[in-house]
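Two complexes, one shared chain (chain A), two partners (chain B, chain C).
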Partner chain A sequence: MRSFGGRWAPYLYVAPIVIIAGVLLYFSIGFAVYASLTDWNGLTRMEFIGLANYAELFQDRTFYIALGNTVKFMIATVTLQAVLGLLIAVIAKERIPGSNFFKALFFAPIAMAPAIIATVFKYMLEANYGALNETLRALGLLGANETIQWLGADLGVWSISAINVFSWMGFSMMVYFAGLMAIPDELYEAAELDGAGWWRRLFSITIPSLRGTTSVLITLGIVGSLKTFDSVWLTTQGGPGVSTHFLSTFLYQARLDREAGYSSAIGIVILVVAFALAVVQMRLSNREN
Partner chain B sequence: MFRSPRAVPRRLLAATGAASALVLLAGCAGGGDDGVAEDGTVTLTYRTWIPSLEQWQPIVDAFEAENPDIKIDFQGADGASDYLSELDNLILAGEVPDMYGIQTTSSFDDYAEYALGTDEFAADWIDGVKPELLEETTTSDGEVKALPILTAGSEFYLYNESLFEELGLELPTDYASLVEVSKAAQDAGYSSFAMGAADTWHAADFFVWLSNQYGDGGEIYDAAAGEIPWESDTLVEAATAWQKLFDDGVFQQAATSTTTYPSARDDYLLARKSLAMPTGSWHVSATLAGNAETPGSAVEDDTLGMAPFPTIGDNEATSTSGVDYALALSADLEGPKLEAATKFAEFLAVGEGQQIWVDTLQGFPAANDVSAELAEDQSETALESVQQVTDSLAAAEYPRKLVSADNDGLENDLGVVLQNIANGADPAEELATLNS
Partner chain C sequence: MKRKRLLAWGAMYGVLGILAIMWTYPIVVAIQKSFAVGGVGNYTAVLNHDQFNYWSAIGNSFLMAGGSTVVIVVISCLGGYAFSRMRFPGRVFLYRALLACLAVPVASVVTPLFFSINSLGLRDSYFGVIIPLVAFNVMTMLLLTKNHFDGIPTELVEAATIDGARPFGILWRIFLPLSGPLLANVSVLSFVYSWNEYLLPNLLISSPEKYPVTQAIALLQFERMSQEQIGQLYAGLILMTIPSVIVYLFSQRYLQSGLTAGAVKS
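Right, the complex of A and B next:
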């Protein structure tokens, strides 16, 4: 019997996704590359200016602030989410009373829209009447007319990181928990017979066995950090000044300022950074394996 | 098991044919391409960020009562910046709305490119619009491309008169009394003037108003045009005064993390946690009985008023003013749709629609011989507030918005610089970063 498509069958099978991805993704990337080489206001004016947008970008102080904030956020959230997620997953696996309740509790933020979480935190972290500062005042840890500017220039990035950890730690926990279930119990039993304690089993069996899971979470964390937008825009909008801009909000602000060509250049830089970090991470992971 | 390869194209052709027929039928059912239905009704699309739905309903009701054969497909947006993003997308998709709201900022020319010149539809009645406002809706090529509908100005403050009285305070009249009132409010556990300095538009509006109180006034417009450096003595003096407002506690702590809407309004003034909030003339509507904002809030039973912000600089403060909202008609309009859109434009610019909208105090009239008509049950404070704002706008000397040919994002850039100055940065160094 002659099969569908003959020797073209493999190509026909992948054609739909290639066409969809080609139109939606690669065309968009190609257009963004072209737009980044122009002085484009998003509507009418579009003049080819070569690499001028990139030259301007690498001299723009806001770019370095946004890049620095994105890197700080990436390191803080990837590390904290992995460490806390793993610890909670390991504790949850111990089947202590109430562990299922805590698993559900830590996972609950995943079911909430990031926009809602960011808005609630914005009210909690407000300097004058926010719940956090009011609590500190009630406990006598903050004077009546004193404020801590949780969303100000100094603490803003760390507060946004904390919001992200709250939002996504449950996801790390569940991924680690699934990984933990795949580790044979015999390994732990053998280690116990050899006299290994809880911490020794964690560092000698659990963590090495979850290397693949950690690698996936790190890759997801890196990509997630580069596209973090809602929790920043809904809490600080990149301010005060430009102190809490991330690359994604910097891009958006440039577009709002009708600098669509410049905004495209920022987008291309984000794409290159994301690609490079993903490649580095995968190579490191492969080397370890 | 695979189907015969030949069956697939045949089925595909059949499905495509059926879909095409449906599309054609749907197209026929909707009426002709000229936007006129079989019963003669013309439908116009209208995209804008104001009026709000509450304000729009009486306007459209009055218009459709006069013109039953014209329907308006109205779609508002959540703020001007969201609206502009949506408008950009529509324009790029080749779907310019029949009528659209337009701002008289640096990007005016961009949007005006898709608009019909007013001489093609409004020549007979455009003299009903205040002529000085038409300058703001004129492109750099000298063509009037939009109709001014509402004007607005800065800088005013909305205050809680009941709270002032409770604390035994008088409205401030100069900088010294501004500081004194603010300190008294803080001592009583309230914030003073809840400034939404996180909004770059508001920081910029305030600074434009403030800067005209130094030197000969008006230097900021020269700086925006690139004719003088931003770190000129006058502007540095104004920026230093701006910084002092934060240092002296006139504005609340962390004001650069507070937005005007909703934070300063909802979390401070309407939550009865601040004495007042700086804002623009459009917010005088909150002083009126029957306003939509105060019911259900902590100030529901209080009396609110509005007054011009006291003088801070060397020269007497005068409000800034300008076209806050203009209406453009698509350059693609022709035939019955153009005729219908012209009727609506006239209704909103110089007719009954102008009066209805102005009565909500969302803005002040762009038409000659129109003034807000208020209900008789207004408090003395509300009437006085409206009068003060009206008088102040009538005496306005300078435009509210800066226009730059080189930098469409100047307002945001200036706002960022002002936030940095408010948080302690050197005024001259920060202002110098605006030089292009």
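Right, the complex of A and C next:
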């Protein structure tokens, strides 16, 4: 194939994506590694201080709070999104009237900006005049002067998890629905002839056949947890105190506090965790195939 | 048998109904609160706000999302074509190195990113947001494009090569015409992802007149808010969701197939 550029032609095709995206991202990662070894304040001062940022990080109580919250969020959202998504996908496959309407309803939040959803939830979950507590009072489930601190230190992480489930459950549902459509009907027919009931078919055909789908959703959920920022920053901003910080917001706060070197160290920890989890997941799914 | 079937239907509608109430509750609250205290006046107040300019926020989001979508579609088609159909040293390495970026959270590199964009003199400019929007969203699209191109039969390419077509001609006259739905998927996904992005503009844009919708929400929020201001905030949120709803209604099919394809094939 002789053409413009000869044997260099392929590189011309990949050059735009490599230069705009690859170089920017890899430069950023490299720069973050370097900055994490300095006491950079984001502007001028930048002195090499070795691993001091990391030593400080692993002593920092806020780091463990942020890590704990990220893990809680990860477990809660991955589990709830998978269970609810599968449940609705299984129901939708029965083709009961109106199932398309429900699918569209649950999928719709994906198109809305997480920043807007988070803001709606922030005011809805406010303890004194927020709509949720008002509704609970109207239903008699909460006393007239009682409040539930949905975005407080105890419940904050779970409320933020709920926001994520609201946004992304429809995605799990769609992916499971696509997976369900790929299971051959003969499997179900054979099981029915053997007298297997609905639950039996769910646990011995549907769920095992969707193992690959589930593992993809788990990977995406884990990577997504490390990426979650908007729904924390725009609701609690990590507060009250530091009780609802995630790794991403902890990093952003450090950056705002002009601790660019320290925030870079947090970024490197996030990256290492993200890559390690991605590699583990790839190994696991390769073994299965 | 018929009774059992009715019971099953009842259970299924029960589950769907409860979840539907939970999913519509925040939307109903937002709509109801947007009319609270000031009624329709909340909407006119937001559209004539001192600090918050609705049309400029929408326009900024369109510029950033539209600009990054165009760049993403062009460079992921070029790259996807080369990775799919050309053989060259470093191909596998480069492709893997690019896809590895899928795991990079925006938050983890905000500090160096700010430094890079600032050094390029692009801080507080549309272009300065479009570049990182492209960088963080293009890898998913590269994956989708390459997988799609892999599925185009080699016979078509061979026939065209014999007729004297060059690589770019093959991409332009054979691959792209066979990729209508793929291009729709990639465009819709890129647009929605970029439109919804909050952290990148928040990091890089400082002038309120350049705020996209996600960032402009802040202009409607204050330290201590009156019920009236909260009503206006909700009205603003509803108005800012309208473009997303329109995009969703017109492209639901592509959004669904794009998102699920990305998940199933990754």
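Convention: the second predicted complex is superposed on the first by the 261 of 289 C-alpha atoms of A that agree within 3 Å, B and C clash if a C-alpha of one lies under 4 Å from a C-alpha of the other, contacts with A are read in each partner's own complex, and residues count from 1 in each chain.
Here is the rule we go by: a contact is a pair of C-beta atoms (placed from the backbone, for glycine too) under 8 Å apart; a residue touches a chain by one contact, two chains touch by 3 or more.
All of these numbers come straight from a predicted model, not from anything done at the bench.
Check chain A with both chain B and chain C modelled on it and let me know: fit or clash.
After superposition on chain A, chain B vs chain C: clash.
May I ask you to decide whether A:190 touches chain B, chain C, both, or neither, giving the answer as first, second, both or neither?
neither
Once the two complexes are aligned on chain A, which partner has more residues of chain A within touching range, chain B or chain C?
Per-residue touch count on chain A favours C.
Considering only touches as defined above, state whether A:149 meets chain B (first), chain C (second), both or neither.
first
Determine, under the contact definition given at the top, whether A:27 touches first (chain B), second (chain C), both, or neither.
After superposing on A, A:27 lies in contact with chain C but is clear of chain B.
Is A:42 in contact with chain B, with chain C, with both, or with neither (first, second, both, neither)?
The answer is both, since A:42 touches chain B and chain C.
Identify the partner contact of A:128: answer first if only chain B is touched, second if only chain C is, both if each is, neither if none is.
The first partner, chain B, only.
State whether A:242 touches chain B only (first), chain C only (second), both chains, or neither.
First partner only.
Could you say whether A:253 touches chain B, chain C, both of them, or neither, answering first, second, both or neither?
first
Tell me the contact category for A:207 with respect to chain B and chain C: first, second, both or neither.
The answer is neither, since A:207 touches no partner chain.
Which one hits chain B, of these parts of chain C: 189-197, 225-233 or 243-251?
Clashing stretch: 225-233.
Would you mind listing the overlap between the chain B footprint and the chain C footprint on chain A?
On chain A, the residues that contact chain B in one structure and chain C in the other are 3-4, 42, 123, 129.
Could you please specify the touching residues of chain C with respect to chain A in the complex?
Within the complex, chain C touches chain A at residues 8-9, 12-13, 15-16, 19-20, 23-26, 29-30, 32-33, 71, 74-76, 78-79, 81-83, 86-88, 91, 94, 97-98, 100-116, 131-132, 134-136, 138-139, 142, 161, 166-168, 192, 195-196, 198-199, 213-215, 217, 221, 227, 230, 233-234, 237, 240-241, 244-245, 247-248, 252, 255-256, 259-260, 263-264, 266.
Give the list of chain B residues in touch with chain A in this complex.
2-3, 5, 81, 85, 88, 91-92, 106-107, 109-111, 113, 186, 189, 191, 197-198, 252-254, 256-257, 259, 263, 267-268, 271, 273, 408-409, 412-413, 416-417, 419-420, 422-423, 425
Note which residues of chain A are touching chain B in the complex, please.
Where chain A meets chain B, its residues are 2-5, 41-45, 123, 126-129, 144-145, 147, 149, 151-153, 236-237, 239-242, 253-254, 256-259.
Where on chain A is chain C touching in the complex?
Contacts found on chain A: 1, 3-4, 7, 9-11, 13-14, 16-18, 20-22, 24-29, 31-32, 35, 42, 84, 87-88, 91, 94, 96, 98-99, 102, 104-117, 119-121, 123-124, 129, 131-132, 135, 166, 171, 174-175, 178-179, 198, 213, 216-217, 220, 223, 226-227, 229-230, 234, 247-249, 251-252, 255, 260, 263-264, 266-268, 270-271, 274-275, 277-278.
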